[in-house]
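Sharing a structure, written as structure tokens. Questions coming.
Just so it is clear, A, B, C and D label the chains in written order, and each chain counts residues from 1 on its own.
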Amino acid sequence: MSKLMTMKQAIRRFVQDGDTIVIEGFTHLICFAAGHEIIRQRRRELTVCRLTPDLIYDQLIGAGCVRRLIFSWAGNPGAGPLHALRRAVEHDIPHSIELEEYSHFGMVARLTAGAAKLPFYPLRDYRGSDLPRVNPRIKTVTCPFTGEELAAVPALNPDTAIIHVQRADENGNAHVWGLLGVQKEAAFASRQVIIVAEEIVPESVIRADPNRTLIPGLVVDAVVREPFGCHPSYAQGYYDRDNDFYVRWREISQDPGKFNSYLDEWVYGVRDRAEYVARMGAACERLKAGDQYCEPVNYGY
Amino acid sequence: MATDYSANELMVCQAARQLRDGEVVFVGIGLPNLACNLARRLHAPGLVLIYESGAVGAEPKRLPISIGDPSLVTNSLSVCSMFDVFSYYLQGGLIDVGFLQGAQIDRFGNLNTTVIGDYARPAVRLPGSGGACEIALLAKRTFVIAPQSKRSFPERVDFITSPGCVDGRAGPAMVVTNLGCYEFVEGEMVLTALHPGCTVEQVRENTGWEIAIAEDLKYIEPPTAEELRIIRGQDLQD
Amino acid sequence: MSKLMTMKQAIRRFVQDGDTIVIEGFTHLICFAAGHEIIRQRRRELTVCRLTPDLIYDQLIGAGCVRRLIFSWAGNPGAGPLHALRRAVEHDIPHSIELEEYSHFGMVARLTAGAAKLPFYPLRDYRGSDLPRVNPRIKTVTCPFTGEELAAVPALNPDTAIIHVQRADENGNAHVWGLLGVQKEAAFASRQVIIVAEEIVPESVIRADPNRTLIPGLVVDAVVREPFGCHPSYAQGYYDRDNDFYVRWREISQDPGKFNSYLDEWVYGVRDRAEYVARMGAACERLKAGDQYCEPVNYGY
Amino acid sequence: MATDYSANELMVCQAARQLRDGEVVFVGIGLPNLACNLARRLHAPGLVLIYESGAVGAEPKRLPISIGDPSLVTNSLSVCSMFDVFSYYLQGGLIDVGFLQGAQIDRFGNLNTTVIGDYARPAVRLPGSGGACEIALLAKRTFVIAPQSKRSFPERVDFITSPGCVDGRAGPAMVVTNLGCYEFVEGEMVLTALHPGCTVEQVRENTGWEIAIAEDLKYIEPPTAEELRIIRGQDLQD
């Protein structure tokens, strides 16, 4: 029973106004294609979660989709601040947003608790920091064995996780390699999961290397084939990070006019990712990954 | 001994010299990355670099511009999840050295990467903690590399993202700036060495409180020709 | 700086009388070679930990090495009880041993807490069970957010973990595939780690597939090359489980005479694993794995 | 309808019939494994089997004699760590059905796999919980398959390894033995169906308390020819 659908269908069905969503990816495998479709479908009042809200969250915020941001590091990795986010926080443009802020470890712990259906997760963190002062969801718990006081954060269980992967079968069994971030935890923590894959492969490819499966199809609701769906982020083995675009984003996001022109041209101005890729043209070729294959392992017995 | 070098180059050298062979370093992009690679090519060939992104023992074939660059993954020794990085490596006590940066650092070694001004309505919204709060608390030693000015060295930071000498903690092992080098004595920052050519006066002008000066104030050793060759070469494949 | 040594050297150096050790492996990759060397070196008063103490722990107990067993399921998987363990518990033969007993989840939680240097781990478990009644180390903790009462177990931090892997480099960076059990957590939780590998490979083989690294060399103290070191357990891709031996063990362990003859012949009667393998002769060939290689993935960018 | 079948075969059929297509089952070796494979070949082709050892969606090419058999790994959909199995799958609420076995089960559905006799000095030391305690607590439904005798069906088990109807919990969804089939009503075991050829008398003789009998007591449907063919074929590759 295939779960294959288009990005348009997947977002329409699994991302509603007011939902809590997470598009994870630590630099690697960030699904810009899904973010753009959410903007095109003009979703509103979203709570968006992620350790490292970067360019695509900056675009969601600037496009007016976001009511609340749950995060730990909001920047343009390697290239400066996120200006649309700053405009929202510093000047309520296009409208004010709420921030709920942790450190990376706190966000990892929240999603781990969410995936494990634990109501909280204990961690050694935050002592002496101002973060608990501004975030009442950071509390403490006392170890029943040592009496030690630890930090505690509550489970995070989004409505929908959107996880980009290198390859998946039609049921959403997904192989991922390279940086893994917190994608597995985000998928298990969420009520619904959209898998977006560079390639849809036969189930036999997945079964040939079951240790490579990061997310099992049994937690997946939709599977979208979207080659080049991470650009300007990257997919190890498929295409490189578009570092030039990250640097250029600084300038684009700083100027509301340029920001809107960008959305008009690359988000509202295309029907879908395929049209975006067509418009990119030869630039895609430039980013295509070279070959560096691992040695296979033997699953025989 | 070279005489023609930048403050950044000296900062990288001074940070690199603090690293010991065999240590496990939680490393970020930019100057800390250069410092680690310099140390590995000189006195600490066994330094193990762990990036927050999960790449362990990376040997990048190009200069990574992000801690999640694919070049940090290809040919690394191990790639692990963020859960493993924070639970098993950092909280697990395996990280000897962490590098921190910040928009502000105060006399107690507190770092601010969250907001300038009021939290609810900031003058400048900064990126936030990332892993910095837990690195400050859980790495065995931390080094801070930061440019120095009265604004970036206030008596109290606007927001404590990463705690310094609070709660009886020792604070950063060293702060290296474009003017000098600082350590913490009894919970307070002390100038211990100057960049060659810099003066105590300059330091005072660029510090937001009455900075303590070590009795045996030294000058930082200038970069050697070897150090400069490596930094400038950035030849990551040698 | 190579950490390579013989099993004899590794056990001499990293397993002392009175130590707490863990030889993990859930059916797969159980290091019988290390257990036999511990028996040969006549270690005493050990606390031995493992989710599934099976034949090799039965042998350690029957040989008089063990003072305390920390576990969750003690049996001969697929083939009945462990009779040496039963003799110790029911009849103090060769001497009494202490049992500290959890469920699987409790043991996983203990080792996870140990690896993460958390003093405890919370889990939804044990409510209504008699296990907390006989094990005072199973306590409760109250969620600071929901008020819910959860079970809590303390961290487990053994002195030494012995982990068998398919391949490792001289520094102990280890590739593992097939069943993963709780080996990673056991390695990170322990003060010292011995990696025992079917094959020692150049570092470049490890680096060619970094996602396959289960245990990083930086936590490893000794690396031992020991082909066929898991028999009668198995190493996926190298050799099959010797199911016949598991079935035969029932009979061997039930009779103290046969038990001692087994030790005399296969443990005390051989110098090391190489001699054990030589004595096995053609039986090894029979268990050799067939070929079923995975498809490689591309790490290029 | 077949007439020549064993009690075990009927138990497998009865367990298989309880499984619904698309359910996620935490499966052990032996009769539960046969029941799951039977259900998959008949009415529940989309059943997802998860072994405690971490193999998800296994399609073994031989009959596994242990839940950690390598044949469960090769060509499975995913292999995950014990942490993932217990935290994300079981505690995470993804397991619809769990199978349990036990040396003793009592009128409240408590199961004992720990000791016969006193815990400190047992007459018989059994293997212990394994995953049974948390399967009883965390799977949405559990099925118990067990041989029945006065000894294995005491009024109270010697040790509660896996809790049944305690603390307001519902207890196992069904217990299937060589004599009959039981469900729990208001916290107590009730005989709901007999094996064809078995009598209430036999059940009473093999139960350690005054067992309640359902008003609409039925007979278990004997295995169909199709069911028997599949069970006996154990042809795992078809």
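We take it that contacts are C-beta pairs under 8 Å (C-beta built on N, C-alpha and C of every residue); 3 or more make two chains touch, one makes a residue touch a chain.
Quantities reported herein were computed from a predicted structural model and do not represent experimental measurements.
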Legend entry - Chains touching both subunit B and subunit D, listed by label: A, C
Legend entry - Interface with more contacting C-beta pairs, comparing A-D to A-B: A-B
Inset, instruction - Indicate the whole-number Å distance between the mean C-alpha point of subunit B and the mean C-alpha point of subunit C. - result: 40
Inset, instruction - Would you mind pulling out the distance in Å between where the CA atoms of subunit A average out and where those of subunit B do? - result: 28
Inset, instruction - List the centre-to-centre spacing of subunit A and subunit C in whole Å, with centres computed as mean CA coordinates. - result: 37
Inset, instruction - For subunit D, write out the residues touching at least two other chains, lowest number first. - result: 55, 70, 73-74, 79-80, 87, 91
Legend entry - Residue list for subunit C, restricted to those that touch at least two other chains: 112, 117-118, 123-124, 177-178, 180, 184, 208, 211, 234, 236, 240-241, 292, 299-301
Legend entry - Every chain pair meeting the contact rule: A-B, A-C, A-D, B-C, C-D
Legend entry - Residue ranges of subunit C in contact with subunit B within the complex: 1, 112, 115-118, 173, 184, 188, 203, 206-208, 210-211, 213, 216-219, 299-301
Legend entry - Contact set on subunit B toward subunit C in their complex: 24, 46, 48, 55-57, 59, 70-71, 73-80, 84, 87-88, 91-94
Inset, instruction - Flag every residue of subunit C that touches subunit D in the complex, lowest number first. - result: 26-28, 51-52, 71-75, 77-79, 81, 85-86, 89-90, 101-105, 108-109, 112, 123-131, 134, 177-182, 184-185, 234, 236, 240-241, 243, 246, 292
Inset, instruction - Note which residues of subunit C are touching subunit A in the complex, please. - result: 117-120, 122-124, 137, 139-146, 148, 150, 152, 154, 166, 175, 177-178, 180, 205, 208-209, 211-212, 234, 236-241, 289-301
Legend entry - Residues on subunit D engaged by subunit C in the complex (per definition of touch): 29, 52-55, 65-70, 73-74, 79-83, 86-87, 90-91, 110, 114, 119, 121-134, 137-138, 159-164, 166-167, 169
